[in-house]
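For clarity, chains are labelled A, B, C, D and E in written order, and residue numbers in each chain start from 1.
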Amino acid sequence: MTETSAQRSIVTELANPTRFVGLANALVPWLAGISALLIAVGLWMGFNAPEDYQQGITVRIMYIHVPFAWLAMMVWGVMTISALGTLVWRHPLADVSIRAAAPIGAVFTALALFTGSVWGKPMWGTWWVWDARLTSVFVLLIMYLGLIALTRAFDEPQKAARAAAILVLIGSINLPIIKFSVDWWNTLHQPASVIRLDGPTIHPSLLWPLLISAAGFTCLFFTLHLAAMRTEVWRRRIMAMRKIAARQADHRSKGGKPE
Amino acid sequence: MQLIAESLAAERSGELVFSDISFSLDKGDGLIITGPNGAGKSTLLRVIAGLLPSLGGSLEFESGDSWTGLADACHYLGHKNAMKDALSVRENLTFWQAFYGPPHMTIDDALNYVGLQSTADLPFGYLSTGQRRRISIAKLLINYRPVWLLDEPTAGLDADSEQVVSHLLREHLDDGDIAIVATHLPLGLEGLKELKLELHP
Amino acid sequence: MALFLREIRLGIRAGGGALVGVLFFLAVVAVIPFGVGPDLNLLARIGPAILWIGALLASLLGLDRLFQADRDDGSLDLMIIASHRQMLVLTVFTKCAAHWVISALPLVVATPLLGLFMNVEPLGIAAACLTLLVGTPAITFIGAAGAALAVTLPRGGLLVSVIILPLVIPVLIFGVAATRGAVADPDPFLPPFLILAALSMFFAVIGPVAAAAALKHSSD
Amino acid sequence: MALFLREIRLGIRAGGGALVGVLFFLAVVAVIPFGVGPDLNLLARIGPAILWIGALLASLLGLDRLFQADRDDGSLDLMIIASHRQMLVLTVFTKCAAHWVISALPLVVATPLLGLFMNVEPLGIAAACLTLLVGTPAITFIGAAGAALAVTLPRGGLLVSVIILPLVIPVLIFGVAATRGAVADPDPFLPPFLILAALSMFFAVIGPVAAAAALKHSSD
Amino acid sequence: MQLIAESLAAERSGELVFSDISFSLDKGDGLIITGPNGAGKSTLLRVIAGLLPSLGGSLEFESGDSWTGLADACHYLGHKNAMKDALSVRENLTFWQAFYGPPHMTIDDALNYVGLQSTADLPFGYLSTGQRRRISIAKLLINYRPVWLLDEPTAGLDADSEQVVSHLLREHLDDGDIAIVATHLPLGLEGLKELKLELHP
């Protein structure tokens, strides 16, 4: 009797995630296709766009740098929403979402830093300066890594969930700092020219490819995110199954010795 | 006063420890939880105290008085003593007395009850294992709480002190209060309900 | 209140916690000149910043164990249980306050002396003291949240610092800005100082709330 | 050897992973420019000092609990009892080595990266790496003696900070001086470096011996 | 093998706890130390283990084998378990096995003995109080030591495990080894010497 109720509890626990896995299975290939298409189109358009008279060929880095930078911040935003999901609605998938998003966000942030400094070398003559924008992105990277370390430090996902969610929420204070750092401190890095209240100031021939590739990378993120979430759900399920199996094996080996 | 638990269940690190535990305690009822090591006695007490979530079921507490809930109306005595080694016994108890609100008994009287008045000004860290446990038991007395949740209160106590604890429990129950005690050792009390937990397969 | 007293007593009885911080602070101030060389002017210029950085790093010491001791001896369980009557947020706040008095206040007190070593002018020293006095509570409160997140980790020292450091950066920025504002003429003092005070207030709320939320579900 | 493994495992398991060490230094270094400003020249000059301070901080964050944890769970008693067969000095040495690997080695590994951020020139980076590698063990060993004293005496904490940090500061100073010597021309590199190495050797013997002596009489 | 103690005495923070304790144990002898809380049972064990100095008297140990001294030839099991919560049971035991030198029994066998083989890969911190104690008892088995100094080995154990410990002690003594056990609970063993400590006035 107790055995069946054990299984039932696990089943109810995973009922929702099971539906999610089905959904993810259906969505991931489509999303992957769309993101591949968008990225290809965006980058192709980007490479055929006029070169900047000042920056020359290096301006093409923009089509990956800027999407990476946007995504670096957006991913934390997604995690913030998930954190609310964990803390307020206690949705089991919300925690999975944070766990899956953190490494992806860290990679995007690292790529933004990398492409930025590759771009910075010809433009500013140095790989790295401690300007407000750059430093705040660097801090964002540290926050991502700290979050990953925190979630990995707990041996049980349930225990990590709440801690991670709280950290994400507190950390989201940093997002506006990154976004507006260029306006608050005068820096080397250029101020926002696309996402601003009074409309974009960038030339449309550059803007369109940028937007398309940004949309492509955003799709790419959701593809990766869904896939990673699916893996995480599987991982947890396998862990639970392994525990049950271990317990049963253990019983058999005891050979009916009375407890 | 009434404490009704219905089909409680708890898991630890993803494994069900117990399920479908129900009991109901009225004024003056005591419940003894027994079972082998790892059966979930401490876990059950922690669930009742609200330190761990129950996987299902319900726990209802009604008190005639102004207690806002079970957590508010209970003394929880865990395996650990919740005392600081560096502070003296009196300082430790004074702190908990202030923390728990209106006092019920003076610290000296409580220490007297457990027979350790002479240690009042020693640092807690200087006491022997059994003496420490007895100080924790004195802590139950300095503030009044109608519900006691005790996790092996007599572990490490000598025979005399075990008697004292039994006596104390008896008095508590006779006053119409409730106690839930997890223990391996017989307490020498009669008329208590008993809940036997089994090792989960 | 009783908690506050207990914590202070513990801090004093256990001894040393505060002094380690102060001496670390001293080490920071002693070592920087060897890095930058004997340029007194430069030292005076970066003095306030160094004082702030030193204080910031020094206040990380001991922060990771803010709740650990209570967890180990079972006090934390009782505090969580009692959280209806004695709100956990308040309990955390009190612990933070006591921790601040024990370990951050001595840093503030030591600042004038160390400022002299760094050849900072008197006005700058006064400003550094004042900004530290106003700003360090924010560090403690954020630290409490970090410590609560990692309370189940026995050796969370480094991890807690990693979590805290990015969050205290705003405090550092405005602390240094205010201190510099008091010394260098064109920069204003009051605006960053007020922001600093606001940050402290803000974190005095956010920190304990986050810490209490984390602690509430830490028990196992 | 088994002890070494256990300690490393504990440090990693209980502290949140091997990467946390590196991450910690990244965080410390990232904080500095917010304080002193983005002046690369200046950063390059205080860079080595910051690295050393980071090393000291990382060591201090875990050092005070080096023996406390073993004492609290009773392991220390068994180690003392077994000290005929398994010399206590050796045990202490092993614990120190493990602690160094967990808290200081990541710094040595991360130094090149950090040096890049701080705009330290390649020669300076190499020098910093080398001096850190040679000098940080001294911090650990001195700290171990202090931690042992702290376990022994009821108010050991106080004593520790008074005894230990004054010993550590010279190490820091020689370390920074040596690094600077490699870069800045008039200053010599070799003499401070050799002194640093000598200090490390000296404390590698003195530290564990003192710690073992203190521990032996610690049990009560 | 012989262990002879003559007029041992010890003080704690300046106060005499016991004095003039003498006993002599031969091959196969067991000694049970009893007494009220604070009588000095733990203190006596620690004096014997060499963790505390004796105020006077002497402690002599002779073994036919190559043991260099009592400290070398003994297993001390204190109130605390000497295990790390963050490491798994197996890792903990592996460490102690390596630390103590030549192994005597595999870890799996030892765990089997105390009935906890299924917990081998759990972190030690996940175990219940009694399970932890049983792991410490398994630690006695993984390396051979002729002298066992046990401080309340059965505290927190369930009835079955108490049996296991009694049985283990019996075997140990029957092998011609020595055991000194401080306890409040009857161990159910016969033919042991008993030493009753009194509370010092």
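Going forward, a contact is a pair of C-beta atoms (placed from the backbone, for glycine too) under 8 Å apart; a residue touches a chain by one contact, two chains touch by 3 or more.
As the structure is a prediction and not an experimental result, all values here were calculated from the model.
> Mind checking the rotation angle between the two copies, chain C and chain D? C-alpha superposition, nearest 5 degrees is fine.
When the C-alpha atoms are superposed, chain C turns by 175 degrees onto chain D.
> Which chain's centre, taken as the mean of its Cα atoms, is farthest from the centre of chain C?
Farthest from chain C by mean C-alpha position: E.
> Report the pair of chains linked by the most C-beta pairs in contact.
C-D
> Taking each chain's centre as the mean of its CA atoms, which one is most distant from chain D?
Max centre-to-centre separation from chain D belongs to B.
> Counting in whole Å, what is the centre-to-centre distance of chain D and chain E, each centre being its mean C-alpha position?
Roughly 37 Å separates the two chain centres.
> Rounded to the nearest whole Å, what is the centre-to-centre distance of chain A and chain C, using the mean of the C-alpha atoms as each centre?
About 31 Å, centre to centre.
> What is the distance in Å between the mean C-alpha positions of chain A and chain B?
Going by mean C-alpha positions, chain A sits 47 Å from chain B.
> For chain D, which residues are shared contacts with two or more other chains?
10, 14-16, 20, 23, 27, 30, 34, 37, 69, 72, 154
> Would you mind listing the residues of chain E that make contact with two or more other chains?
12, 79, 85-86
> At least two other chains touched by the same residue of chain A: list those residues.
139, 142, 145-146, 149-150, 153, 155, 247
> Flag every residue of chain A that touches chain B in the complex, lowest number first.
Interface residues on the chain A side: 1-3, 5-6, 9, 155-156, 158, 239-240, 243, 247, 251, 259.
> Under the definition above, what is the set of chain B residues touching chain C in their complex?
12, 46, 49-52, 68-69, 71-72, 74, 76, 78-87, 91, 94-96, 98-101
> Which residues of chain D touch chain A in the complex?
Within the complex, chain D touches chain A at residues 15-17, 19-20, 23, 26-27, 30, 33-34, 37-38, 40, 43, 116-117, 119.
> Once bound in the complex, which stretches of chain C touch chain D?
13-17, 19-20, 22-24, 26-28, 30-32, 34-37, 42, 46, 49-50, 52-53, 56-57, 60-61, 64-65, 72, 150, 153-159, 161-162, 165-166, 168-169, 172-173, 176
> Enumerate the contact residues on chain E facing chain B in the complex.
12-13, 35-38, 42, 79, 122, 126-131, 133-134, 152, 155-161, 184-185
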